[in-house]
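Chain nomenclature is as follows: A, B, C and D, assigned in order of appearance, with residue numbering initiated at 1 for each chain independently.
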């Protein structure tokens, strides 16, 4: 499960550190103590920045780094699509073999396909993604209340 | 386990019916609903009568009949010895093969040796004997309080 | 051999159950008619247990090693199987306990510690019936003693049915919970769920159904029952001892407080306070009965490979035949419904004045295993003024020939004590 | 191969444990170092289970047929074996539960519903320690929330021992119960019983000892411990899942109220009230874990055939060796005592910045099964400021070669994430 890509992101995380944001959330995985503090910064519906601090295993750390890579600069709708695809992959119990279409959407994140075979680790991989979803709901929910329901 | 002797006592119980007594007790075996009401009549320390009414299985009924046979007319010390021997036999889990000495003491009651192999039935065989012990403690305890402790 | 419509191929089925080959008392083949107490186990279940212990044994959840992952997948997979077996809307509504008794106590305790609107206290009432198993009486007596709630119950008719004539007085606005048995283990009666559930819903009371004698014998659909909780036990349905089930509606399991505290049921613990995992784990403290859940999963697979409709039809045929044959025995009186309609495959009876202990013992000498006593339902014996009954109870491997053996055995009992 | 004094003949012993032959990930032989979570089961235990189900399976107590009598004798025989194993003054003091967690909750609940002098209420205090398993924390938190009693605890020293320096302030005249772990499942610490028991007796508090990590590994003598209750669990001591034990002093079991209500635990039941059977049955509601008790009896036989002193000596030797070898691994820090004195065979550690999840996963790829996380003792992790640990834990079949494999595996982990 430890793809080279994952180890790279773990050892050299992208975008790590807390910077200015519109909303901040703190998520914990109580079963293993993995933690993340994550901030999102929006310009309209465009993701200007995702910054984060945390501690945890290589999977949760690398996943946050990949998230930063993938989502920063995207429009929120596009980002939600990516998040949905990543969730689908992680919940596939190893049954999805990422194809070209999926690789186009997920880029480096397809390296996590192998993690989905390990139920105990799926939560690690999803920690930052769940935090991002939450933070986005807060950030956009406040300025555009109509969207709140869908969050 | 159903020795001829036991069936005889069951079908033709000796001394059944409630007659005058110095003490009366009511014992129940809650697991099977067997019940006995038993009275003892003493003349000094001699057992003048043991009378009883009850409902229950052949073993509990026959055992009361045998008790009546064995104990009426005996002195209480002798009766206690018989009761002790019967208790020992019933708790032997089929490991005691009654010898002549035991047969001398227990007479018909040795027929219950086979019952001791059936843990669920031992309580049935002992019901009347426990009732008798209790009633005796009451009857003699009241007139001779010094004996109460040993009951 | 007697041919009845609806019978299963018992010759094939019996090959799966090693215990049925047991020979007793110099050469008498076991006739096992004590299925309401516990069922025998098919080879498939024993193999699942052995395979679990020999290859996959580990503690579940949170483990990152292969064995822990396999054990978790097997344990949680058993939950999926049970959920499907009872048509639960969600697998997370299936709680594994140690037996039906724990399942029933679990509900009683949840309600004792609950907040409004569920809370049982001295201003509220609990409703059960006179035909409950002790495991569905004593927990409510304890709850009533400890909270001051009033315990009420439905009585029985002379022919062994629930007397619901006063249902509106028994179940009232004060009622918080109605708990009753779906199929009685002593009378065999199959109770009318709908009338009770309708009245309970009218007054906003929760409904708990004790399906211990139903789950093994007929299709069980918790959604169709419309109850809030359903309890049953593994060992009566081809599964191992040491495992029971409580199904409960998700929102209730979310709202109600936990019962046993410990490992597995928590989300996060500090010395001063803890938060709890979502159901079902919230109610599964400590290392669960892992192998036993796996065994129960295999039992469910086994029963479903035969089909619960077919099991039910088989038992109905056997029960009809047994009722008819038993009524031919002089002095035999069935305690409970004397037809096979709306009844399960447990038949209690008395035989003249002969005490059930003697009936059971003499039958045992012929290799026939029945249960005698009050069958953990003493109020039923009190109601009918008898100290005890003899009970023959059938299952998917029971045959008409075994009914015949029972009837013959009873003739022998009569002669013996005649 | 490394030769250490006091080792058992593991070559022979390992032949009894089929799971130890398991081969993982294309040809890697299982190195099972997760024994504190659960132990593997010897063939003898699996055979006892199968034999029970194939020949003797029936519900226990009150049955007059052969199978019911055999099942009862086997079940009650297992109680005799366990009583002897822990040197209980009476077999009737041994209660079978579903796991240690139930045993611990059982005591908490008895005290919550007890009369004076045992009653726990808002004027009284409960004492535990910071190194308890969640199963010995959450029941007391629940009891404290529900009764208003104050929950207090002993803290830990930097080297993983109980800090008893303030024992007279922690255990006071208000203390009703002191519950603590004999051997910690996360730190490995073996706690000093005598000092705590002496102080508890001084103030008249009851003492409950959680021996879950002791019973499998050393001679356990409940009389020598001088506690009032001792809890442990079957699956960690070569027994099946689904069975635990609570030993309690007879007079307490007589005085204290029941917990779960139902079949088996009663003397007589009517609709309006019930009386209870004497202990142990009073605390065993419903069909007990019959096969699991039989399996635990076989496990006890197995352990005694080897001898608990020898098991202890073996584990001491392995633990000494493991502590020494682990301390050679760069960046490895043992959480808990760094000697083999007064410690059990569970060793927790951190490895530099590498998260335990990653340590465990990479070890698993080499066939080495360890546990990672907070080990159901999160307050210990909080105390030492770490999110989790990696834990290797040994048993009677563990070998020095397995310790070597672990150390080699850890080197690999360091290189991998280095």
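Throughout what follows, contacts are C-beta pairs under 8 Å (C-beta built on N, C-alpha and C of every residue); 3 or more make two chains touch, one makes a residue touch a chain.
Note that the structure is a prediction, hence the values are computed from the model and not measured.
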Response to the item:
Rounded to the nearest Å, the gap between Cα centres of chain A and chain B is 81
Item to complete: Give, as an integer number of Å, the spacing between the C-alpha centres of chain C and chain A.
Response: 47
Worksheet item: Quick one: chain B and chain C, Cα centre-to-centre, how many Å?
Response: 40
Worksheet entry | Residues of chain B engaged with two or more neighbouring chains | 31-32, 118, 120-121
Fill in: Sites on chain C at which at least two other chains make contact
62-64, 68, 266, 268, 357, 361, 372-373
Worksheet item: Is the way these chains touch best called a line, a ring, a star, complete, or other?
Response: other
Response to the item:
Pairwise, the chains that touch are A-C, A-D, B-C, B-D, C-D
Response to the item:
Touching chain A in the complex, chain D uses residues 355-358, 361-362, 372-374, 381, 387-388, 416-417
Worksheet item: Hey, which residues of chain B end up touching chain C in the complex?
Response: 1-2, 7, 10-11, 31-35, 55-59, 118, 120-121, 124
Discussion item. Quick check on the complex: what are the chain C residues that touch chain A?
Written reply: 61-64, 68-69, 72-73, 266-268, 275
Worksheet entry | For the chain A and chain C complex, residues of the former touching the latter | 28, 30-32, 118-121
Practice prompt. Quick one: which bits of chain D touch chain C in the complex? Just the residue numbers, please.
Written response: 18-19, 22, 24-25, 30, 32, 34, 37-38, 40-41, 45-46, 49-50, 53-55, 57-59, 62-68, 98-102, 104-105, 108, 113, 130, 133-139, 141-142, 146, 151, 153, 233, 235, 240-244, 258, 260-266, 268-274, 285-292, 357, 360-361, 363-364, 368-373, 376, 378-379, 382
